[in-house]
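Okay, so chain A shows up in both of these, paired with chain B first and chain C after.
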Partner chain A sequence: MKEIKAKLIEKIGGSFENVSVKDHDSNRLDFHVDTNVIPQILTFLKVNMGYIHLSHISCVDWIEDGEFEIVYIVWSPTEKLKVFVRTRISREKPLLPNIDMIWRQANTYERELREMYGVEVDGLVADKEFLLEDWEGMPPMRRDFKTEEYAQNTFWSRDGREDAVDVREEIIKRSREEIPDFAKKYSR
Partner chain B sequence: MINDKNSQKISDFVQNWARKHSIWVLAYGTGCGAIEIPPTMTSRYDAERLGVRGAATPRQADVLLITGYLTTKTLKRVIRVYEQMQDPKYVIGFGSCTINGGMYYDSYNTIKLLDKYLPVDVYINGCMPRPESVLAGFGKLQELIAEGKANGAKEYKENHKYYRDNLRKIIGNKYEMPEYNW
Partner chain C sequence: MREKATTLYFGPQHPGITGNMMIRLKVEGDTIVKATTEVGYLHRAFEKLQEKRNWLQSFTMMCRFCVPETDPMEELYARAVETIEGREVPERAKYIRVMVLELARLASFMLWYGGQNGSLGLYTMGQWSVGDRNYILDLFEELTGGRVYHMYIWPGGVRRDLPKGFEQKVIKTMDYLEKRLGDYDDLMFDNAIFKKRTQGVGIVDKDTAVEHGVVGAVLRGCGIKSDIRIDEPYEVYSKLDFEVPTSEGADIWARALVRRQEARQSIRIIRQVIDMMPGGAVYNKIPNPQKWKLPKGDAYVRVESVRGEVGLYAVSDGGTMPRRIHLRGAAYVHGITLLEDVLVGENIADVSAIMNSLGTCPPEIER
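Entry: the complex of A and B
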């Protein structure tokens, strides 16, 4: 495993600039790269190194830094190694290069990124609407989207949830049952 | 003879007796609760001995089981399904999510109170309710039907505007809902 990792680090480091590597104990390797070399580095991994499977594209919202971190996870079935390719883009104008010519299924992930985080993808051909219907306003997975406040303002809620009263005594009185011993320690 | 009070009572009794023994459930699972339906229906709990069985289409079904959380996207379809069902029809709210939101109380996309949108006859509490409580819920529904108290469909007809307004408040005005004859 160490030899495979060393070989990969050497090849990627030799071919691309500004690459920083983080090694993990398990079969995992992280690369932090620039945004504009994402298509090249993923094509290199797929065509030359045998990382033919795109597992996932995910997004992390670093609201403190004003940045989104996009993570591409690729997997090689021959070398049994997961490679995480990470890149950071600004939160104000998030724009990603399109990779759906490398993996066709990336299109779905990119649509989801656009809908849930508002990350635009350059030249993405797909309907604007994906999972949410008639959604207006801020994308819901951003960290500055106040989910609980939104839910309280949008949907009706039943009274009696806020105070969280222990009603078991009352129920027990009504049905004349006893609290079993194992359940007593959970009593508030 | 037909307007005679006693004969009306007798016909009601016979109707309700027949209805309570043939509860056909629409096979439509909305949330994670649908996973409790197969054990309820199959050999161990065997709900069919109570007359509870699955129906393929809304027009053949008597009961709409709302199994778990309802997203706003599913809500539109559920209301359409409910409006296509033939009278007599009943609604069972299944799991905590239909009662007060359950673990999805702070979700941006799930409703919390089912009875704002549909007239619920019986609630089954729990997350998840086990097949025993599902059967208890059906037993309660049978009791209500026998007593002639399960009048959800009638309520929906009378307060149609109230339910429709609540629905519009959630889903906005873009989505087109067909207006059925009432």
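Entry: the complex of A and C
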């Protein structure tokens, strides 16, 4: 595994600039790269190094840094190594290059990124709506989206929830049944 | 003379569909010329809600991501948390986890048997296999208290040890199911209708598979030997002896042949696990969940479900709640871009059979 990682670090380091590496104990290797080289580095990994499987694309909102971190996870079935390609983009005007010509399924991930985080993907051809319908305002997966406020403004409470009626007392009132002794201790 | 194209809406409520989603089909006669998926009927924002809950509360949502097979999600979450924290899991718990995962796979295979045949109008199989699945759910009920949602595999191990005599019950159920799988073969694979409706239908060849990031039985059905349990073994899979079946046809029939063998392999694994299971503790206790902080870091773990590779990316910012939980479902890849491409040129009547064969699970797509 060490030789595989060393070879990959050398190849990536030799072909791309501004790449920093973080090694892990397990079969995992992280590369931090510039956003604009993402398509090239992923193509290089797929075509030249055998990392043919795009396992995942994820986004993490680091609101305190004013940035989104985008993580591409690729897997090589021959080397048995997981490679994380990470990049950071500004939260203000988040823009990513499109990679759905490298892996077709990336299209779905990019649609979700656009909808849930408001990350624009340059050259993405897909329906604007994915999971949400007629959504306006802040993309909901951003950390500053106020979930509780949204729920209160959008939905309403069912009767009987706010007053928190004791179920057992209600049963007695309606059925005139006595609570057995063993159940009384749970009563409020 | 060119036939006029019509738009058909397949779903969101349809007896042949695998959950609430819609496919807009443009058809000429009975042939599909364009398919567009529309999802959004089952979005429950689990991942957002998990960011507002502590690491243990967040675990209770995992099993709800995909109803037919709930345990792989729990195992993923547990393993992601353990990887970030560096928490050891007792050896016995690892064996129990594998047993539960394989039981879950078997239960999910039973649903697939029913769904795959039902989508072709062959309803007897569904009556049999869903009935037999109940015997597995009985085991789950005894072990975990729940039939479908178990919340059993949690960070640090499993929630409780096996009840007395549970192993023998599992063995007896396996004996019964092994016999029944023979009956299923007679009903399914010797059936001329099943053969005719599945051979040459819903083809996913090797190039398409790699281009689309296809996983699981769909990948093995086009001849590529790939299985997370072998490629990146987790729990105790590296100590177990089992085979990864493949098939060359790349159609629904080929994938059915693969799954038929896989169900038998699951039984084989369960028998081994029960034989090899050591004694000892099953849970490495976590601290007070309200104060339980994970170190800053992230983890990406994968599991082999019946639908294929399911992954979970978990990020901790050093606090008591997850910064990000992101599930990668097999259906997320199979159910949108791949399905849209595969359906072109197929017959309207085969849509639900193809969806079943690709393992499309809308709750897993939307989360």
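Convention: the second predicted complex is superposed on the first by the 157 of 188 C-alpha atoms of A that agree within 3 Å, B and C clash if a C-alpha of one lies under 4 Å from a C-alpha of the other, contacts with A are read in each partner's own complex, and residues count from 1 in each chain.
Definition applied: contacts are C-beta pairs under 8 Å (C-beta built on N, C-alpha and C of every residue); 3 or more make two chains touch, one makes a residue touch a chain.
Please read all numbers here as calculations on a predicted model, not as lab measurements.
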Contacts for A:L54 in the overlay, against chain B (first) and chain C (second): which applies, first, second, both or neither?
second
Under the stated touch criterion, which partner chain does A:P140 make contact with: chain B (first), chain C (second), both, or neither?
both
Which of the two partners, first being chain B and second being chain C, lies in contact with A:T43: first, second, both, or neither?
neither
After lining up the shared chain so the two structures overlap, which partner does A:W156 touch, if you call chain B first and chain C second: first, second, both or neither?
first
Have a look and say if chain B or chain C is in touch with more residues of chain A.
C
Between chain B (first) and chain C (second), which, if any, makes contact with A:E129: first, second, both or neither?
second
Kindly classify A:S90 by the partners it touches after superposition: chain B alone (first), chain C alone (second), both, or neither?
neither
Show me the chain A residues, by the header's touch rule, that chain B contacts in one structure and chain C contacts in the other.
131-133, 140, 145, 147
Touching chain C in the complex, chain A uses residues 26-28, 52-56, 58-61, 71, 73, 77, 80, 82, 84, 103-105, 107-108, 127, 129-133, 140-141, 143, 145, 147
Flag every residue of chain C that touches chain A in the complex, lowest number first.
36, 39-40, 43, 45, 47-49, 51-52, 83, 210-213, 226, 231-232, 298, 300, 302, 309, 311, 313, 315, 323-324, 326, 328, 332-333, 336-338, 341, 366
If we count contacts the way the header does, which residues on chain A are in touch with chain B in the complex?
131-134, 140, 145, 147-148, 150-151, 154-158, 160-161
What residues of chain B sit close enough to touch chain A in their complex?
72-73, 76, 99-101, 105-113, 116, 170-172, 174-175
